[in-house]
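Going by the order they are written in, the chains are A, B and C; count residues from 1 in each one.
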Amino acid sequence: MLKFTEEHEWLEVEGEIATVGITDYAQNALGDVVFVELPEVGAAYEKGDEVAVVESVKAASEVYAPLAGEIVEVNEALEGEPGLVNSAALDAGWFFKIKIADAGELDDMMDETAYAEFIEGLD
Amino acid sequence: MSMNNQGRPTSAGAATENTDFESFSGHKGLRLAEPLIFELGSTETTGVDVPEVGEFEMAIGGLERTSEIGCPGLPEPDAVRHYTRLSRRNYGIDMGVFPLGSCTMKHNPRLNEKMARLPGFGDIHPLQPKSTVKGAMQLMDELSHWLCTLTGMPAVALSPKAGAHGELCGVMAIRSALEARGDAREVILCPESAHGTNPATAAFCGYKVKAIPAKDNGRVDLEALKEALDDTVAAVMLTNPNTCGLFENEIRDIADAIHAAGAFFYCDGANFNAIMGKARPGDLGVDAMHFNLHKTFSTPHGGGGPGSGPVVFSDALKAHVPVPFVVKTDDGFDLVEDADDKSMGRLVAYHGQMGMYVRALSYMLSHGSDGIRQAAEDAVLNANYVLASLGDVMTASFDGPCMHEALFDDRFLKDTGVTTLDFAKAMIDEGYHPMTMYFPLVVHGAMLIEPTESESKYNMDQFITSMRGLAGEAKGGNVDRFSGAPYHAPWGRLDETQAARKPVLRYSPEE
Amino acid sequence: MRYLPLTATDRQAMLDKIGVRHIDELFKDIPNDVLNPEIDLPRHKSEMEVERYLSRMAAQNTAAGSVPFFVGAGAYKHHVPATVDHMIQRGEFLTAYTPYQPEIAQGTLQYIFEFQTQVAQLTGMDVANASMYDGSTGCSEAVMMARRVTRKKKAILAGSLHAHYASVVETTTQFTDDVIERLAPNPANPEAELQAAIDAIDADTSCVVFQNPGVFGSVLDLRPLAEKAHENKALLIVVLTEVMSLGLIESPGEMGADIVVGEGQSIGNGLNFGGPYLGLFATNQKFVRQMPGRLCGETVDADGKRGFVLTLSTREQHIRREKATSNICTNSGLCALAFTVHMTLLGEKGLRGVSLANHKAAVDLRDALKGVDGVEVLNTTFFNEFSVKLSKDAAGVVDALADKGILAGVPASRLYPGAGLDDVLILAATETVSADDIDALVAGLKEVL
């Protein structure tokens, strides 16, 4: 199940684990990503907490936890190859996996079609 | 007649076509290639006299450094050549117009350098007996007097090392004063157009930063400010003239509103060049303001420092100034080095940037009260001349007049395919340092031009001709002239993405 | 006015173009009643007049090079080759801005890259930044960086740390929730000073700051301190106020430092009554993104040619604003250039040689003082500076010797008033001290003690 937030994050949900990254729209707006600061495995977050930072040459943007939960894995490949966020935002450029505390928080999120409409409205 | 058969050709000859060849040396005429010293020198080479020291028993507790350090040396002739070659890759005020907005790149008189190098200033130790540095204390006192008089403020802290350090000093004084009266406040208000140092400084002192909205005319929205001011606000940090190059015309109402809320008015003095000798911040309700001696008073920028950031204070804050400071005594001067209960403490080891104090005082003495006012007027005149001469081909962000810098935005480049960055890089091909771009953040694709008082009308006219020409080229669709610019600089555009993705921050021999 | 190029004719023509009659129409936003105030300051002066005025002021000061000179305590008189000052006065360096336009600033950027490398080599660390304001502000930045890295609040400042440095740390952290534990100086027993620092470390400690050589001159092996710090997941910050010592003594990196901060003045820079100086700041690769200050990195240009740019600037205030690692917006550019030019002239060979000559001068001074009644040398180890206990108040002795034209050192009471160190004097002897200077000091001390 693929979900999207208004903060331009995507979540691929499998059981109680969600894999989270930023959308193609977001990576395009950021420009060349040069660094991603990832959370620590085991850390717990509430929805809306600052969980990661994604940096381009001239900007640093916070990534907020799309839902509450505990970090179970981070994408260590981004450390050596932050450009994956640009080249493969929706798969190899994922940021972290989070164990979902409250699946109800997924209900407010958009599906792919709704997100496409959402960004259409932004331009 | 006698024949001179040594005649060499003296005409220029015909232009040749194929000149785009690589030289055998890697040099290109006067563009001399130069590797890193680590690729040139050796650890066995030195360019200094090594003192001869006989055998003796060392007293370093057996901690002798036996591993290789790795720093190569060069013989003196090669060292001179190495750094001379590097220098020629730089643009400086000495070479041409440097219209970098918000940075006040004015002429750096060499008299200042000469004065700072007098042994009585350059070769004295900060902790030698005070009886042997009477002239140094006098110089600090005179500089303090000039800064206080020009601003109409009663006290000054000289020691901050740069503008941002001065901001820290100012905000710490504000917090000290608030704590002394038992008033815990948590917010500092800054406009969105502020220098990044303002919010960084406020956060550093434990304050939350809230934005003050601006009006369409580029100035603070007084009514919105009044609404935001309550008993949680510690201070308002404002740059005046502001970063759009405009004087806050409601400044006294702003100051009154700040004081009515029990808050303090911090003025970022980065743009003091526009008003020195014309108006005193002390008459406008300012509680603290830092100077950038390297901007306003011509101590050199030096490729990024050292700066110097003295701060003037109102009566409400002066008890909290950091040590050290000079006081007058019956028989001369004394240097107070130990903080009392009210002083915020000490911000630097020793006494601050003495070398910059000498240079700044040399500038002020040279100009005098009359020349300082004239310099401000000329700086403002030059900026308005730019505004008036470019307003029809570029888009000015606000109605004039401006103060010492003219702000344009990228509306005139709409649909040309040329960005502010491209336009700036094309200025390099014209022989100019680019203006400040993408700052302030409140206008799109900002271009901030500050000519300073150091430019003659001839220089201004040449510059204006270039800028008009570039604007015409951009609108005429000659995108190539911009998109790859600069073409005539020693280096092309550099790959900042690569530098940040895989940082190489030092030379390593194995590469 | 010789620095203002516009003529009266120019000004009129420009006002005409702008469409105003009088310059003050351009200042119309300034409230009229405060415009053009009386400024009670002298009018402009000629170059000759300014030179005469300031030269007379300077002549009231006693220049270090004109007398026997033993003053140190964090700022040192060394010989700086004439080439250094010549290079930093080239207009392309002196009058350049921060190298934000790398296409026309490769000169500045390359020397910064060289500087960063030299500082890293000297300190035995992985990376160094483009410099801080000075050693003391660098020290407080290091304490704050340790907090970011460890997410702990307690910093321990050892007794060996220069009093001004400790005060700067205390002042700049007074409005944060950092906890600063400042240990007492102990010039008579540096090993106890070290042990006190080791004992103070606990699980809450973010960093321990130790100066080596210490402010009283002693040189210590910091490995036990590094070990205890690391056991407690704290950082060891080593402070150097005499960077010349690195030509003779093992580097902080070799002793286990996590951050090294130093005052770089000794190489390339004059005494200047305390500034401008330059802060050295080095650390290990893994902490790079928590470093404050400017960093220069290697890259290529559009044609693939090697070049340099300022990089990792998302840490800095102009991008990160209130979330920046520091509010610092400058480095000590020209002072760093002076450092680099001097280092390039020295090379490892020259540095080791000059460093050794410093130590020899201090050893000679110590030996000479052994024969003076009322002087007890406190140090067993030192580089070019050590402390003595006098039979009289040290400040009075220094003043009496100054009257005789000898600048004899720093009374400990100037740095530590009220700490019971009134009889302690800190004496430095660099390569600039001659045998005659030492004889003069010994003779002077015999007279005043």
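Keep this in mind: a contact is a pair of C-beta atoms (placed from the backbone, for glycine too) under 8 Å apart; a residue touches a chain by one contact, two chains touch by 3 or more.
Chain-to-protein mapping (UniProt): A = Glycine cleavage system H protein; B = glycine dehydrogenase (aminomethyl-transferring); C = Probable glycine dehydrogenase (decarboxylating) subunit 1.
Everything quoted here is computed from the prediction, not taken from an experiment.
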Most distant chain from subunit A by Cα centroid: C
Chain whose Cα centroid lies nearest the overall Cα centroid: B
Distance between chain centroids, defined by C-alpha means - subunit A, subunit B (Å): 39
Chain centre separation (subunit A, subunit C; CA means) in Å: 44
Rounded Å distance, subunit B centre to subunit C centre (Cα mean): 20
Two or more partner chains touched - positions in subunit B: 496, 500
Junction residues of subunit A, two or more chains touched: 34-35, 55, 57
Of all residues in subunit C, the ones touching two or more other chains: 314, 319-320, 323
Residues of subunit A that touch subunit C when the two form their complex: 34-35, 37, 55-60
Interface residues, subunit A side, partner subunit B - complex: 32, 34-35, 55, 57, 82-83
Contact set on subunit C toward subunit A in their complex: 289, 313-314, 319-320, 323
Residues on subunit B engaged by subunit A in the complex (per definition of touch): 496-497, 500-501
